[in-house]
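Consider the two complexes below, in which chain A is the common component and chain B and chain C are the respective partners.
On to the complex of A and B.
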């Protein structure tokens, strides 16, 4: 298959169309020139036009990025709120609570996103009808309503992981001398937990959560596809199935860039939380 | 869910030691089922019986039938073949390539190490799932493409840990002693470094197997892996999705349970290997 027919979506269109594609993508130029055309287009904000949908990639992304950002934010919020809370509760709540939470997190960790999605669809499509199991919705509240199940499916495993890390870190801090000293000084339990334990346990938790949220962007593919959400992940999957290379290339570049940027942001945030890291040259 | 590039450990706390033998037996059973699938399965996995579609669980059809009347139990058994072979190939390929890159990088050091390490860092920025989807767009769906893409995505994950270990090992006095005795670098690497790093590599491979299985099942689920009518667990989960809404969840649930139990079993065994061979110490960056 030639590159022109690959760009046409794997079909064999007529020679005139192929010639047009060759001209538009400068396929007869030497490789560095082609690369320059693509790179300069990308840097000036034009990653190209989808050969299959006949729409500019920027328009395709623009129409869907809102859903994906909302989904990632929703899932990220669930992961942080529920994960950290569950971890702290497991660490300070006594043996029974700890064991119960360990069982729950073990189950959550073992279930990948598509399994969680299937179980949620089964539960909410047949028995309960609290949340819609398909589509993206319109307007803010309706979108949140539609994105609840995808966000739950997406966050399950990560939530369990963050909860585990939080539990371990909080446990370690609780055993530290400075916490004992704070307690001896007669500080209220909650103040000790907030000012002394959580403050010190935060950097590793932030690091893990950050990497997790960065990974969420890639993981949206499964959740969006399972629940029929029109987002970047489902666009990537559908474009890949259509062999729409221009869209796939732009989207994977975008996802990887976001992944790297979020990871960098986490490093910076960690340096703010723990200035020793910055002095050690970790950033 | 992506490769190990998204650090979501399937590893459970080491306390669950009692479960390892059971998990090991289950793994062996699954492998045997996969190998002898055609002899074990009661029906032809592709035999259509539209008049008997969505049959409930019964003695004739242990797990019932799917929307086309195919026996789900037989399809599940046959599905074990591709569902296990995929991750196995990924782990063998990525483990071999990762180990070779790691040991040569640690051994030669200098600009060679820097070149390999930076290249792996760039590759590391690609979540395995995104890489697999991109490659599927280029080369089409099927069995080989996602397996090849995922192997590539797993190389930096394994190579990073192995390089750190190889670097530690290389600086131990016995390596210097061997050098002084005049042994060649090749001899020291193959006869001493590799055997000493093998347990860690084995642990990495065993843990990676679970991740690879989930990733490949995800790709199948997304429709970019094996195509119908193949009996593959990830594909079965996706194909059963419309039936759930009609009130027949058997196909998706059965395949999902198969994936989860198998991943948990293989991971429990990996966990046991890790505590046994001391591969548990945190990888040095």
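On to the complex of A and C.
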């Protein structure tokens, strides 16, 4: 199969259509020229037009990016709030609490997002009818209402992961000499926890959470597809199924860019939290 | 002011202290010397109940007549914050690495209700008192920007800042450069003496203990075997263990000669014999030394001395 027939969708198109495709995508040009066409288009804000939907990629992304950003923000918030809180509670709350949370996080980590999605739909959408089962909603509150189940399905495993990391880091700080010294100086329990334990455990937790939240943009594929949310993740899955290369290419680039940017942000934040890092040349 | 009354400590069933009796008067400096594992550190830490999990104590440590084990959480916190301060071995480990020197110095004062400006002013003054110049700049620095000696002075400044009546110093110079050790101890002693603060000073260095302290308590295998005035360390040492320790100092032999040691290996409190703890290594041990535990008579615990 030639590249042109691949771009035509895998059918056996007539020679005229194939020639038209070859001309439109500059397939007869040498590789560097083809690359230049793509790159100059991208840099001037035009990553191309969908081969299947015949719409500009920017329009496709623009219509969906709001939902995805909202979903990622929602899931990210759940991960940070619940994950970090659960981790801290597990670290300081005694053996019973720790064991209970270990069981919960193990289950969450073991359940993939699509299984969580099916369970959530069955429980909250079908049985209890608390949340809608499908769609993206309109207006802010309606969208939040629609995105609750997808956000829960999306955050489950990551939440458990962040909680485990938090627990380990907080435990390690609790055992540190400077924490014992702070206690011996008669500081209240809560002050010691906040200023000496959590403050010092923060950099690794921020690093892990940052990478996790950055990865959520790609992970939305499953949750959005399962709940019929029109977002970038479902667009990526559908485009890949339709062999809509221009869209897949643009989306991949976007996801990678977001990942790199969020990671950079986390590194900068970590240097602020722990000035030793900036001095060691880690940033 | 501070009394150890037959203090016994077990950690998870393992005996660490086997009956420590000692008094520290207000303003007095007492040195605790002895080999590693003799229980010096645990003795001192039991004052502020900084004990490992699974610890069980018998006997009592009394501060101002109050048994510290009877203090509730608030009472313990008040004692730790106002009455007793601690200086540790390694300043790098005990000062929070990500916060500033100013945070470290002022946080206890702030917790006690002192205003920010006033706390900062006092912190700056405390730094200059321990010989750290450019105090305002130092307050904004972080531990990694200071040398070990400088950081230990910061810890000493923090200890003095809350106006304690007792400072517990657990080998405060072990982690430091040899050249800064004397300086740091001199500052600690000078400042605490000027304020009439009592000191419990743990060290391996007998000369240092004698120079800094009023009295010296020698510990071995979880007990105090001898207490003597620092001035009489050389002439007045009576217990065979103290004399053996004195003999094994580098200064005890002529330069070039082989250093003397205490024969045998240190006795652990765990396997302490029914008789005298030092009997196995004592050059003068007699039969009853191995059978009957000698009673500490206020200055030493040794059968051989009773006979005289």
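By our rule, the second predicted complex is superposed on the first by the 278 of 283 C-alpha atoms of A that agree within 3 Å, B and C clash if a C-alpha of one lies under 4 Å from a C-alpha of the other, contacts with A are read in each partner's own complex, and residues count from 1 in each chain.
Convention: a contact is a pair of C-beta atoms (placed from the backbone, for glycine too) under 8 Å apart; a residue touches a chain by one contact, two chains touch by 3 or more.
What you see is a predicted model, and the numbers here were worked out from it, not measured in a lab.
Trainee: In the superposed model built on chain A, check whether chain B and chain C fit or clash.
Mentor: By the criteria stated at the top, chain C and chain B fit after superposition, with no clash.
Trainee: Output check: A:191 vs chain B and chain C. Expected answer is one of first, second, both, neither. What do you get?
Mentor: Only chain C; A:191 stays clear of chain B.
Trainee: Take the Cα centre of chain A as the vertex and report the angle out to the centres of chain B and chain C, nearest 10 degrees.
Mentor: 90
Trainee: Quick one: classify A:276 as touching chain B (first), chain C (second), both or neither.
Mentor: second
Trainee: Which partner, chain B or chain C, is in contact with more residues of chain A?
Mentor: Per-residue touch count on chain A favours B.
Trainee: Who does A:260 touch here: chain B (first), chain C (second), both, or neither?
Mentor: Touch partner of A:260: chain B, not chain C.
Trainee: Once chain A of both complexes is superposed, is A:178 in touch with chain B (first), chain C (second), both, or neither?
Mentor: second
Trainee: Should A:64 be classified as contacting the first partner (chain B), the second (chain C), both, or neither?
Mentor: Once the two structures are laid over each other on A, A:64 reaches no partner at all.
Trainee: A:146 contacts which: chain B (first), chain C (second), both, neither?
Mentor: In the superposed model, A:146 contacts neither chain B nor chain C.
Trainee: Between chain B (first) and chain C (second), which, if any, makes contact with A:167: first, second, both or neither?
Mentor: Touch status of A:167: no partner.
Trainee: Minimum Cα separation, chain B versus chain C, post-superposition (Å)?
Mentor: 21
Trainee: Touching residues of chain C toward chain A in the complex: what are they?
Mentor: The contact residues of chain C facing chain A are 48, 50, 76-82, 85-86, 88, 90, 93-99, 103, 107-108, 111, 142, 144, 158, 162.
Trainee: Could you please specify the touching residues of chain B with respect to chain A in the complex?
Mentor: Chain B reaches chain A through residues 1-2, 5-10, 12-13, 125-127, 129-131, 133-134, 136-138, 140-141, 214, 217-218, 221-224, 234, 237-238, 240-241, 244-245, 247, 249, 252-253, 256, 259-260, 263-264, 267.
Trainee: Going by the contact rule set out above, which residues of chain A touch chain B in the complex?
Mentor: Interface residues on the chain A side: 6, 10, 102, 106, 109-115, 118-119, 121-122, 125-126, 133, 157-158, 161, 208, 211-212, 215, 218-219, 221-222, 225-226, 236-237, 239-241, 243-245, 248-249, 252, 255-256, 259-260.
Trainee: Residues of chain A touching chain C in their complex?
Mentor: Against chain C, chain A makes touches at 176-178, 180-188, 191, 195-196, 199-200, 273-276, 279.
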